[in-house]
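Presented below are the structures under discussion, each in the form of structure tokens.
There are two complexes below, and they share subunit A, which is joined by subunit B in the first and by subunit C in the second.
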Partner chain A sequence: MQPESPRGGSPSLPSRLAGPAVSLALLAIILAIASFFAGDYLQRILIIIGINTILVVSLNLSNGFTGVFSLGHVGFMAIGAYTAAVLTLPVSLKVVNLPSLPHWLQQLALPFLPATLIAGLLAMLVAFLVGLSLMRLKGAYISVATLGFLVIVQVILVNWDQVTRGARTFAGVPPHSTLWNVWIWAVVAVYIVWRLGASAFGRDMRAARDNEVAALSLGISVLRSRLLAFCLSAFLTGVAGSLWAHFITSFSPKSFYFTQAFNIITMLVIGGLGSVSGSVIGVFFITVLSELLRNAERGFDLGVFRLPPIYGASQILMAVLFVLVIVFRPAGLLGGREIDVRAILRRLGAPRRGKGAA
Partner chain B sequence: MSALELLLQQLINAVSIGSLYALMAIGLAMVFGILRLINFAHGDLIMVGSYVALLLQVLGLPFPVAAVAGVAASTLAGLAMERVAYRPLRGAHEIAMLLTSFSVTIFLENLAIILFRPTSRPFPAPAVLRSVITMGQLRVAGLDLIAIAVTAVLLAALTLFVRRTNIGIAMRAASQDLLAARLMGINVNRVIATAFAIGSFLAGVVGLLWSARVGKVDPLMGFNPVLKAFVASVIGGLGSLPGAVLGAYVLGGLEILLQGLLPSGLTPYRDALVFAILIALLLLRPNGILGSTEKEKI
Partner chain C sequence: MKTRLAIVLVAAVALLAAGCGGKGGGNAIKIGMLYNMTGAQASLDAPSANGAKLAAKELNAAGGVLGKKIELVAFDGKTDAATIGNSATQLAQTDKVVAMFGFSDSDMTMAAAPIAAKAGVVFVTSGATSPKLPDQVPEYLYLACFGDNVQAAAAAEYSVNALQAKSVYLLIDKGMEYTLLLGKYFKERFVELGGKVVLEDNYQTGDKDFSAQLTKLKGLKAKPDLLFISSGPDDVGTIVKQVRDSGLTQPIMGGDGYDTPLLVEVAGAGAENVYFTTHSLIDADLGTDAVKKFITAYQAEYKNAPENAFAGLGYDTVKLLADAIKRAGSADPKAIRTALQATKGLAGVTGEISYQEGSRIPQKGVTVILVKDGKFTLAQEVVPQKVPTP
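== the complex of A and B ==
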């Protein structure tokens, strides 16, 4: 007798591709409409959502799947941003802004894609070196140690004048990030994390997360699976850093510190740790909400009464929301589950079939 | 200046900064010992107390009154923090609690930014705190001596409290085994609130000393001290009170040492080095100098 799989047999290939295909097609349609009809402002928000998607999905790979709760990923974003920006900055600007850069680097101006790949790889290399030791720690200790990593990166950025311009603004980065290249990277990131989560490696990671001793006794190398997730996630985060740098075009070390770390973690936790679709929803929800709040905090006219601008109010509301989610819905909006596009398609298809039978 | 005087001078610097770290680290360690909560927002209690003290001085009250009110405000803020943000999370995962403490930090810092503007303000301190005593070539800030003395008194009082009073003993029991303590009829909520009150009180004292030391206050002023207190309590073994104090003085010494020994080009990287040492320590002795080396039981 054939053992029946809980989902009622493995679906045929076309049916398995239906979910991703529908999602991709929908995304492409939205982007196409946006790139033709949406105004500048809306397009910028869509780009931010794309970049945040990469950041949160890749953070989920480490924090959600392996349970290594890193607070230092913004450090990898910083590494990616500065690396790519130094590589793509036009030579004429480098001579003025970064006069003490080594000559070969000063004369180098790479195109966007290779610079982004190098940025990701460098972030990954650093993650590997740091991870070799950090991934051996447990629980809250990892969080504290990765926070230490973030401080170290910050101190280096502020003081390494000849490459980063120190605490001053790093400006003049060419605006290479577009709606399309950002979202292509976002799709790649989601695809990688989603496939990895469903693979044997993903199961190893979750096993090590849920019970380290049991995983070890089954022959799973906890260190290796954590390290792999950490490095891959750092690569994607570095890429996102590059995309962000070429979107915002001027930034300073302050952009990559505690506030940004908290923003990304908020999106992750609100979406639900360990769920890729949860991450995407968390990003969408929080990015749109914080954009609305940011507009509101500039103050607005209520006719008779004018609300004064209250800068910082959006952060306060976000913090309150975050605590409420942790208290009342600790597993996040999706609770670690995935949205099953195929199931939704079936449900959408069902009424029609029902009508035909009646 | 002779070598001996130089040594003495640096020693005073190390002990005085170590004292501030110690008062901070105790607050962190107390709460962590009982709840396994790394209370990141502990640093913001420094800010709360300092701003209240500043505000009252601006309103014309004398420094001692403002100081007492500032410390009281820190204590109340700490108690409120526990009641509102952490009590609903009793028994939650330690990461969930850590993230909550981040939210509390973001909340308090942005509230301070809204109320007091993000820029720093000068913190007026009485002449005693600004005095400098000269002995031969030695120049000792009165503030350093006061910080050391205040810390010594507070540490002695705390030791007595933890060893002799009922609530102190209950506190130690709770940090050994929260469940067992509860089964023995200890009112855990009261113990936890007491731990928060003591830690916040100490943070309020640190706030005054710290603000007088740097001469200004700003909404994000708690960030660096709390990071340092973290490092100190990890060095000593998270959750251990004597460990936290020892770790704080080790950290103070280490910082002064690095400041003196690093070539001038590298001194800005001092904090990076301190945190690199933190990571190395977590690897080699995750339970700290005084912590047990016992492996986790299955």
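== the complex of A and C ==
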């Protein structure tokens, strides 16, 4: 997807690649084991983690690196989901479910990959048009404006009956998302964001975030670096939307609104803004924990007596946990730093074992 | 710090693995129950879940089914599609349930039913009334309630025959599949019976101000005999109140979205002369004998009267599945499906359930309710003569 850009750096190339290579190998092993031995349930959770990883890592590119705190990224997810779903829906279903679709679109059923790419590109195009004006705003104004964008997307989805079925359920999307294609995209997303963050562009973005005036005085185009981050981030979010649509297979506009927006932002903030490995940890932490609590709240045997189910307890516990994290680690679990896989490898002595960042 | 993190991660994964390890059920028939106990759907789903649990308790007290106890394995769907998908997968894979049921909403049902179908077990929705649902999940998705085409046809026939309505004004919430379909089916049957639509207008779920629509309505030269307002439970009180405050006194007609205490609480005296179709009149004085018995049992179990007809639907759904298992003679999912399809004349709180050959929507009567002196009263039980195709 992204050509490896060889740059002269102090550590030798093999040494620089050791961290990513170990992480990738570890991930591949986990996925291989999961796809052969784990049941549907664990596979589903891994797929959800993969999709959330793309969403959060790409949001991090905008919110963490450039400081443009977007609340509207779910709008791009919606654009991606609906675009890809309209493209991949089998023709027989389109005739029934979307009778007023333009003829050429109705007779078109694309494979998953091109549909996903088009979905991402369309999200990116929208981001570019919206970003041209929005990226000139500052701080809280950007957040409010992006929230406005989310509302606009929502209204369009609900009212554009011919293409989206309005507020009605968009059903019958083929279940194309698998453990493998989701995680390949997740790796691509992490790689792009990680490399971009470490590049000159990434430094421009952070400079513009930390001190706009100073950045401008050094000749950094704040608008350009923000717009680049915003568009790329929208592309990946659109891709994640497509993956999500082909995983859930039936959805409606309300799936892409405030609840989902805040879910993603929570994972980002808990993991730590500005850190790619933090995003991954945040996704892992929250997805796994909320699954655990969801199972626990149904009540269980303590040997002596049976704890009754307390529905809603998991949401309350999660909220309390978030408050605790924010109080004790205000910058998130990783506080904007990255997990240095190489350092861990060195400390462990044996370069074959280690816990990867992604 | 990092080792600690690793330990926490490993522990979490271990717990998760333990969480999906099966619990040996032994001598019980496991049925999966999926309702949204939290989130936007809870006001309909929580009473359904209570009704279902009550039915299981009664069945077990009477010796169970086929000599085994009925065990309801429940998850909270949290009004979230991903959570519902996970829960349905757990039910199918870990708990190995022989059937699943739940939900009062098409979206939620569509998040779970395909997973049940993949595992080869039926999914019976207790309260999602879209007649388009069964086509979306071939063979395995059943409705325990009537379809919207049936209740809309009943509303249209009652309007023409009993209320002598010749013209109607339609106001439709275009934010929900349910309200859109209900309005569409009503119009179809009403026009078929010779009625006239003077104006069709719409609004969006959650709107608070209806003055624009009402100004248009009052400006009409030909005054409609009836106002058909297709609305969900959250908006119905507000709309009815504003319609009455604007001075319009015609009868208002609606669907089972009106079956909420909010109607009278919010609209107050404005709710008089409001008619709506629903599954059953849950009233200790005016209901049928089955309803009275159900209310007494529910009151004893939960210390409050059933909140709405959805409690009765949850109750009937468990009885429906138990009846199918009994007639199947085994808890084999395939045999249950065959027996369920053959259900004939099963009496319940919300009416008799029969499935016709090839249809997975039951033939059920519709209860038309009139609000009188702030109380729901029975207007008529209607079995529509003709039903629009889904």
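Of note:
One rule holds in what follows: the second predicted complex is superposed on the first by the 316 of 358 C-alpha atoms of A that agree within 3 Å, B and C clash if a C-alpha of one lies under 4 Å from a C-alpha of the other, contacts with A are read in each partner's own complex, and residues count from 1 in each chain.
Here is the rule we go by: a contact is a pair of C-beta atoms (placed from the backbone, for glycine too) under 8 Å apart; a residue touches a chain by one contact, two chains touch by 3 or more.
All of these numbers come straight from a predicted model, not from anything done at the bench.
Contacts of A:L137 after superposition on the shared chain: subunit B is touched, whereas subunit C is not.
Contacts of A:Q315 after superposition on the shared chain: both subunit B and subunit C are touched. In the superposition on chain A, contact is made by A:F284 with subunit C only, not with subunit B. When the shared chain is aligned, subunit C comes close enough to touch A:L292, but subunit B does not.
Contact with subunit C, but none with subunit B, is seen for A:T169 once the two complexes are overlaid on the shared chain.
Of the two partner chains placed by the overlay, only subunit C lies in contact with A:L42; subunit B stays clear of it.
Judged by the touch definition given at the top, the superposed model places A:V323 against subunit B, while subunit C stays out of reach.
By the document's definition of touching, neither partner reaches A:L110: not subunit B, not subunit C. Of the two partner chains placed by superposition, only subunit C is touched by A:F251; subunit B is not. Across the superposed pair, subunit B and subunit C both touch subunit A at residues 158-159, 259, 311-312, 315. Chain contact summary for the complex, subunit B toward subunit A: residues 36, 38, 85, 88-89, 92-96, 98-100, 102-104, 106-107, 110-111, 113-114, 223, 227, 230-231, 234, 268-269, 271-272, 275-276, 278-280, 282-283, 286, 298.
Those residues of subunit A that touch subunit C in the shared complex are 39-42, 44-45, 48, 158-159, 166-169, 171-172, 248-252, 254-255, 259, 281, 284, 288-289, 291-292, 294-298, 309, 311-312, 315, 339, 344, 355. Against subunit B, the residues of subunit A that register as touching in their complex are 69, 133-134, 136-141, 143-145, 147-149, 151-152, 155-156, 158-159, 213, 258-259, 262, 265, 269, 310-313, 315-316, 318-320, 322-323, 326-327, 330.
Residues 2, 5-6, 9, 12-13, 15-17, 19-20, 37-38, 74-76, 78, 80-83, 85-86, 89-90, 92-94, 106-107, 110-111, 114, 136, 174-177, 180, 204-205 of subunit C touch subunit A in their complex.
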